[in-house]
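Letters A, B, C and D name the chains as they come in the text, with residue numbers starting at 1 for each one.
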Amino acid sequence: MIPGIIIGLGVIMIAAAFAAIYFKSLLASIIAAGVISLLASVIYLILGSPDVAMTEASIGSGLTTVIFLFALHRVRKGKSDD
Amino acid sequence: MIKKVVVLLSIIGLIAIFMPMITQFQERENLNELATDYVNGSIHELGTPNVVTSVIVTYRGLDTLGEVTVLFLATVGVGFLLKGKSEDKIEISASELLETTSSVLVAMIMVLGIYIFTHGHLTPGGGFQGGVVIASGFLLMLLSNVNAKMNHSIMHFVESLSGFAYVGIGVTGLVLTVGFLSPKILPLGNFGDLFSAGAIPVIYSLVGLKVGSELTSILVTMGGEK
Amino acid sequence: MANTLYNVAAIIALISIGLTFIRMLLGPTAADRAVALDGMTIITISLIVYIAYYMNRIIYLDIAIVYALMSFIGVVAIARYLEGRK
Amino acid sequence: MISTLILGIALLIIGFYAMLTQKNLIKIVIGFSIADTGTHIIIVSLGYLRGKTAPIIDNAVNAVNAVQEVVDPIPSALVLTAIVIGLAVTAVMLSFIVEMYKKNKSLSIDDYQELKW
């Protein structure tokens, strides 16, 4: 079952990486980059390093997304294109 | 045209660098000598159940000190670049649901963060993770309440005090025991208790406070409050 | 018997992650994508609990707690961003 | 594990490609963060040993012969610090982007000609 989980999550992560590059909307790109970090944390857990999994879950998915959003908010102030 | 060729060549070069790593990959069966020493020393000499914690705090303690310094420099850099621009804040006030929920949740998030960094030697947590959880509690406060004011002098005081105490414990280890950042200045205690493993929980709690205040400072600066 | 059931649950969780991911790719508006991200994190928490059971380490459950907390805060941040952009 | 090694290398190459080809400054930083994640997965999968578990001693791991039962702790410790540094570097890059936007009102890298060769 574990190899199946790795292959499934890996396919989704690579698809999310391409999506993060080719999405037109910057907000959608940021959400896709957040998905990569979220699933990477499960990969770390399977690889036997829960410390790294916890750090990645908190920093990669939470704070990095928020910092990108703050920067996007400052840049896009006054415009409402998606 | 020439740009595309350069991009293609660099991607091919990158693949050529990593190809031998895939084709000649052999899964190791046993730990190497250094890792064996770390695992044995962490369990039998330092009394720390989580080996990763003892590698970060003790065996590679200088790396962690350098890393905290880099984080401090990044905080200073962000604060210097974005100083004095308070007009970019999100002005619309939060809904009543979010405000009420967050006023209950923030205290529980703080308690969870403190749990994570004080149990760093027993569970997968640690100073960095606990610091991030504390910073996320302040972030929730910032998101839910538009009028929230962060007291910057308290934040800077906590940050500099924890950094000072971190270096102070390191120098105490240099004077009293075998080396810089040695955790043996406190008694080792029973294996698996909260108050055990010498000074490792103290050092990791200080790292947690420092990381938490630095990340809160980065978030507050980037979020637009002056 | 119980192991078979857990494996079936893990397969269902993987399929659901794929489905929410497809919604995230297609979603016409940003709100669709944010909701898809929220659903994906909640399903992933169940996958983490499955891994903790499979590897017989109760200590992995701490990660599920932190994961749930941080995904909540990320979704709140995205929602506040969408609210303030009008 | 070979599958996660391939996954990490693929993510690294995709992120590098994004950094080289994208015009938008924020997309370049997103590419950097993807490449960052790929590098971390590579390092952690090099430290994995088949059939062994996390280096945390509790009821599931025997403390006497723990050396035979745990994975390599050193790559985990390295990656743990690298992730935090990655966050700090990303924050500094994004503040530079905000400052550049204040000066030129543009996010496209084609509008910044000062250092073009």
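Convention: contacts are C-beta pairs under 8 Å (C-beta built on N, C-alpha and C of every residue); 3 or more make two chains touch, one makes a residue touch a chain.
In this text, all values refer to a predicted model and were calculated from it rather than measured experimentally.
The chains in contact with chain A and with chain C alike are B, D. Between chain B and chain C, the centres computed from C-alpha atoms are 24 Å apart.
Rounded to a whole number, the gap between the C-alpha centres of chain A and chain B is 20 angstrom. Between chain B and chain D the centroid-to-centroid distance comes to 16 Å (mean Cα coordinates, whole Å). In whole angstrom, the spacing between the mean C-alpha positions of chain A and chain D is 11. Contact with two or more other chains is made by residues 57, 59-60, 62-63, 66, 70, 73, 77, 81, 84, 86 of chain C.
Residue positions 46, 49-51, 53-55, 58-59, 62-63, 66-67, 70-74 of chain A are each in touch with at least two other chains. Multi-chain contact residues of chain B, defined as those touching 2 or more other chains: 50, 52, 90, 123-126, 128-129, 133, 136, 139, 215, 218, 222. Taken as a graph of touching chains, this assembly is complete, with every chain in contact with every other. Interface residues of chain B, counted against chain A in their complex, comprise 50, 52-53, 88, 90, 124-126, 128-129, 132-133, 135-136, 139, 215, 218-219, 222-224. Residue ranges on chain D touching chain C, taken from their complex, read 53-54, 56, 58-60.
Those residues of chain D that touch chain B in the complex are listed here as 1-2, 5-6, 9, 12-13, 16-17, 20-21, 48-50, 54-58, 63, 66-68, 70, 72-74, 76-77, 80-81, 83-85, 87-89, 91-92, 94-96, 98-99.
Put simply, chain A touches chain B in their complex at residues 49-51, 53-55, 58-59, 62-63, 66-67, 70-71, 73-74, 77.
Of all residues in chain C, those touching chain A in their complex are 7, 10-11, 14, 17-18, 21, 24-25, 27, 29-30, 33-34, 37, 40-41, 44, 47-48, 51, 54, 57, 59-60, 62-63, 66-67, 70-71, 73-74, 77-78, 81, 84-86.
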